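The following blocks contain the structures, represented as structure tokens.
Each of the next two complexes has chain A plus one more chain, namely chain B in the first and chain C in the second.
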Partner chain A sequence: MLKLLLRRLAMSLPLVFAVVTLTFFLVRLAPGDPAAILAGEAPSPEFLAEIRAEYGLDQPQWRQFLAYLTKAATGDFGTSIYLGRPVFSVIWERFPATVVLTIASMVLASILGTALGVLAARHAGNRLDTVISAGSLLGYSIPGFWIGQLLVILFAVELDWLPASGMTTARVTYTGFAHVLDVGRHLILPAVTLAIFLLTMIARFTRTAMIEALNQDFILVATAKGVSPRRLLWHHAFRNAVVTTVTVIGLEFGAVLSGTVVVEIVFGWPGLGRVFYDAINRRDFPLLTGAFIFSSVVVIAANTVSDLVCAALDPRIRR
Partner chain B sequence: MVANTVSRRGAFGLGAGLAAASGARAADPKRIIGVIEEDPPFMNLAISSGISSSVASAPVYSALTRMDAKGDITGDLAERWDISPDGKTYTFHLREGVTWHDGRPFTSADAQFSLGELNSKLNPYRGALKSIDSIDAPDPRTVVLKLKNPQASLMVSLGNFCGAILPKHLWEGTDPARNPHNKNPIGTGPFKFVSFSPGDRITYAKNENYFIPGKPAFDELIFRIIPDPAARMAAFTRGEIDMVYSSALPATEIPRVRRMRGVDLRFSAVQASSYQAYINIRNAPFDDVRVRRALFHAIDRKFVRDSVFPGLAQEMVGPVPPNSPLYNRALTDYALDPARANALLDEAGKPRGAGGVRFDLRYLFGAADLSARKIGEVMAQNLAAVGIRVVLTPLDRGTLIQRAYVAREFDMVITSFALGPDPDVGVERFYNSNNIFPVQAVNCSPYVNPEVDRLFDEQRVQTDPARRKAIYDRIQEIVWRDVPTFPFCCYSLPGAVRTSFATGVFDTVDAPSREDFAFAAPAGR
Partner chain C sequence: MTEPLLSVRGLRIAFPTPAGGQAPVVDGVSFDVLPGEIVGIVGESGSGKSLTARAALQLLPPRAAVSGEIGFEGRDVLALSPRDIRALRGTGIAMVFQDPMTSFNPVLRVGEQIGEALDIHRAPPKQAREARVRELLSLVGIPEPERRARAYPHEYSGGMRQRALTAMAMANAPRLLIADEPTTALDVTVQDQILRLMRGLNEASGTAILLITHNIAVVASLCRRVIVMYAGRVVEDGPVEQVLTAPSHPYTQALLQSVPRIDQPAGRLTAIAGQPPDPASPPPGCRFQPRCTQAMGRCTAEEPPLDAVAPGHRARCWLALGQAA
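Entry: the complex of A and B
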């Protein structure tokens, strides 16, 4: 297990370096001058020059890259051009909101997706299976921003059950448990929106893995030995299928994280997804590069964790 | 007995619930909640004019004077002022006992420093202050501005765009771009800055020592930060937000907001904006004035007004908005006449080629700007009829600035501009050749006409309003003849406010001003 972990860590280092290099140059390929965006309407040429000099934008790109690498090696990822604050403190203060959103939607997607997948497999070929499979396909195909806006119109504007945007109520300041409940109410719609994609993926993969497991010889043997259908399903078949489910969750973590960009905009959620969106629009190179590096590290970490969980669940992987 | 216990318990439960509910209400401060579209990079009116910066700074700062909802100049930090008969000396007498939000006293040295060192040098509209020769502070309560020449629009500029007064003790000797008070503003305005939670909200608290007694009426002001227009309007519809100023209220939503109960649309009496395109007059064939005039004859501007801004827009003839006292009513509009447009294009030597196309027109606009997109679609149809193929080019903000204003790779680029309150502030910037820079919102066509430059200088020193108007009339004639820009329409877009929650003045200019925050009051007062 430790060996597996070390091997994964060793593999991630060149990956992170590649991400740093690629994102550094890719984000600078897009036309647009961050200083001009920062300075607003009709800035004085002196003020523009001052901003460019301050952020080293007047230097050749290779020199900017070397300076970036040297600083990044010491943990300094520069200063956001637009916000004028250290990149990592910007990312760090917005990350918790994204963690809350991502975890809530992943838990929701995992539980519901697995349940639907198992249900569909158990009723494979009949009407319930068709409904679940068709629903999964639909959920997988519908764009998140559209679903999100429909949910806002229905549950926030028309029915007035849930807040339309933000993470907390602005009208009243809640503390303690009331604050937790307030965040929970604000979380429901964005978490559901973000969960839909992953939920349908998990349902589809779990269904396939369960059908495969249910067709194995050991199931036949267990059935012959008189094991109850429920135990057969959950204890024998599901334990074999769950590795697939965990792998899907690990693999799709990156997709969920990138899904937060759209969901956070639609729901005014103050997380990292909006940092990405704003940084792209403002050509905030240091912030954008920093956010890319940070999220790739998070995705690599999540994939490593998923590998370790799979290894714990399935002894064959450990070898 | 049992019943009695139950009823007592029930009564207790209900009572506790009510107490908790009313207790929470009573303890909660009176809040007014507004919305802005993005995190402001600066909260400093003296160096940045970006809309989010302007809105986020407006509650914090004061100026010597301010413009009220009717467009009249009244005192702000200055109680009164005298203007010398030759119009070259302005003496401002400041209020007694005004303090900064950090408790230090406000004096004339702060005004002298802010106008001389910050606004005159770094303000995007600093051109409006260039007639100032010297700023003196003979005593702590007096500021004297000496001008090189009289300037008719000076009071408007000082009260609006170029006059924010910042504390000298926190800014002197610092680099204005890096001063930490860009993010943590200290002013003398109705609200004190409390905190900024990026992507979420900015919180302000009432300035208990505000110099207008009894104001502001709210204890707290919160700006929520919601970039997506649909999310913003959903939050407003639900009552999560009490006010949306005009540039945060999409024009396409106005008919719906108009029908909402308990919501008032507020139009500014003094500001006018226009959807206006720069025509790149350095690029062939648009360097030929006949081609530019052909555009005016071919594009159905009335249809644009009626379809894109139904019931909100006015026609705009010439560069100055019709609600300005300096507007030239004698100008005649270019008639919608495709035949005349075709004739002008033929005359300019631009015959139709394959498929009837004479040439392409690259129309650049912000991808998020729905109105600009609709205008482009109308224009594309109109111009196709005279053989001009419009290439609709939606771009994100960074690319738009780079391609249009820095690289000048456009034929037409459209944005909405504030044109007032005085044309010296809102209009001259597009046509004076001393204002050609590779940045947005200046003379980007770029238009060079020495006569127009000279007339702008001449009118600025006029103290006789009639004489000034006559010069401005001439400027409008020339610009309307040369048409380096294409004003589609003029409008005053409203802000929206929830009347069930707040009453007061909103949107005296394009964005909320100090006036709004100082005089807004909870409903029922």
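Entry: the complex of A and C
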């Protein structure tokens, strides 16, 4: 297990380097000039040159890259061009809101998706299975920003049960448990919106894995031993299928994280997604690069964790 | 005369056909297994032997239509409630399956899976259960049972898995062990070890064994009585010596002729010409008649009954019954 962890970490290092390199150049390949945006309307050429020199934008790109790498290695990801603050502290400040949103929707999607997948597999071919399978195909195909707005219209505007946007109620300061409750109320709609895609993925893959597991010989053998149907389903079949479920969760973590960009915009959630959005609009290269690298590292870490969990669940992967 | 342990009467198992009809894959099968006896069922693939065995534990898929009677210790197995059949599985009748590679759950330790068999029916304290698991593993000849109980199935060889599977089946000291092709997936030397193990268990614990196989040599080495099945029917049954040395049914004769022999010059293997019939539309008269080299007029007109050709020896053949004309 420790060996596997070390091997995965060793594999992650070149991956992170590749991500840094790719991100750095891709961001700069995009059209748009941060200096022009900073300088405002119709700046003098001298002023533009001054700004370029200040942020090192006048240097050749490979030189900029080397300078970036040297600093990044020490944990310095530069300064946001627009906000004028260190990139890392901007990201770190916004990260918790995204973590709360991501974790909430992943927990929701994992529990519901798994339950629906198992239920569909148990009733494979029946009406319940058809309903669940059709529903998950629908959920899989509906774009997040659209379902998010529909939820806002229904639950925030029409029914007025839940807040439409933000993370906390404006102009009121709650503390302690009341604060948690307040954030929780604001969390429901964005978390549900973000969860739908992952939920349907989990349900579909869990269903297939469960049907496969239930058709294995060892299920017949266990039945012949006198094992109860409930234990067959969970202890025998699900213990095999859960490896697939965990793999899907790990793989789709990246998709969920990129989904936060849209969901955070729709719901005014003050997380990393908004940082991305604003940094793109402002051509804030250092902030954008930093946010990309940070998210990539988080995704790589999540995949490593999911691999380790799979290995813990399936002895055949462990060697 | 002793009461039979297992008594199958008029068992019929049919599956729905795509055309909307019913295809009987097992049709009117009757036989007994006495306590402590080893009985073999032989037949080629599709003869219905495995389905017959599975019916004895209600292990058939729900779409199978099962009728007839399977008596076990005086109760009709087919009529048992889900709860009662679960209590019978593993304690009254236990089963060993064909493929030891896929019979264990790959993510659970072998000892855990054997222990589970104990837990379901007796729920012994942890220490007693672990001791019994070790005892069972050494009973089937697995060295270092303590270490082996903690291993996962993929860490076992094929022969060891079949041994462990047998240990799992024996966990609750069943009165009847149904072994469905227990040696088919194993190489020959390991086959022999498993057969010896089965005979040893039979002698030591008095567990009756119903051995299902397509391998007539396996029957010869282990069983006292043999039942020959063809196309869903019993075509011959009787004591092993009689059936194998003086087979009455042409199918049994052909089956024996297709076994390669070491004392005869090597040549082409003898095969039975033709294919077994489609269960949805069996041929008229005797089901073997289209492939039978000795078929005659009456065989296509009328199906022969399963009748005595010698004391304790029955065959379903007009010729053998002396009524061919």
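Throughout what follows, the second predicted complex is superposed on the first by the 307 of 319 C-alpha atoms of A that agree within 3 Å, B and C clash if a C-alpha of one lies under 4 Å from a C-alpha of the other, contacts with A are read in each partner's own complex, and residues count from 1 in each chain.
To be clear about the criterion, a residue touches a chain if its C-beta (ideal position, glycine included) is under 8 Å from a C-beta of that chain, and two chains touch if they have at least 3 such contacts.
All values derive from a computational prediction rather than experimental measurement.
Overlaying the two complexes via chain A leaves chain B and chain C side by side, clear of any clash.
Looking at the shared chain after the overlay, A:225 reaches chain C, while chain B stays out of its contact range.
One of chain B and chain C touches more residues of chain A, and that partner is B. With chain A used for the fit, chain A forms the apex of an angle whose arms reach the C-alpha centres of chain B and chain C; rounded to a multiple of 10, it measures 160°. In the superposed pair of complexes, A:314 makes contact with chain C only, with no contact to chain B. In the superposed model, A:73 lies in contact with neither chain B nor chain C. In the superposition on chain A, A:2 makes contact with neither chain B nor chain C. Of the two partner chains placed by superposition, only chain C is touched by A:216; chain B is not. Of the two partner chains placed by superposition, only chain B is touched by A:90; chain C is not.
After superposing the two complexes on chain A, the closest approach between C-alpha atoms of chain B and chain C comes to 47 Å.
Touching of chain A by both chain B and chain C, each in its own complex, is seen for no residue at all.
For chain A in complex with chain C, the residues that touch the partner chain are 216-218, 220-228, 236, 239-240, 243, 313-316. Chain A meets chain B in the complex at residues 30-34, 36-48, 50-51, 54, 82-85, 90, 93-94, 97, 149, 152-153, 156-157, 160, 163-173, 265-268, 270-271, 274-275, 277-278, 280-283. Here chain C touches chain A in the complex through residues 57, 59, 86-91, 94-95, 97, 99, 102-108, 113, 116-117, 120-121, 152, 154, 165, 168, going by the rule given at the top. The part of chain B that touches chain A in the complex is made up of residues 24, 28, 31, 33, 38-39, 41, 47-50, 53, 121-122, 124-126, 175, 177-178, 182-183, 197-201, 222, 224-228, 230-232, 234-235, 237-238, 240-241, 396-399, 401-403, 405-407, 429, 435, 437, 439-442.
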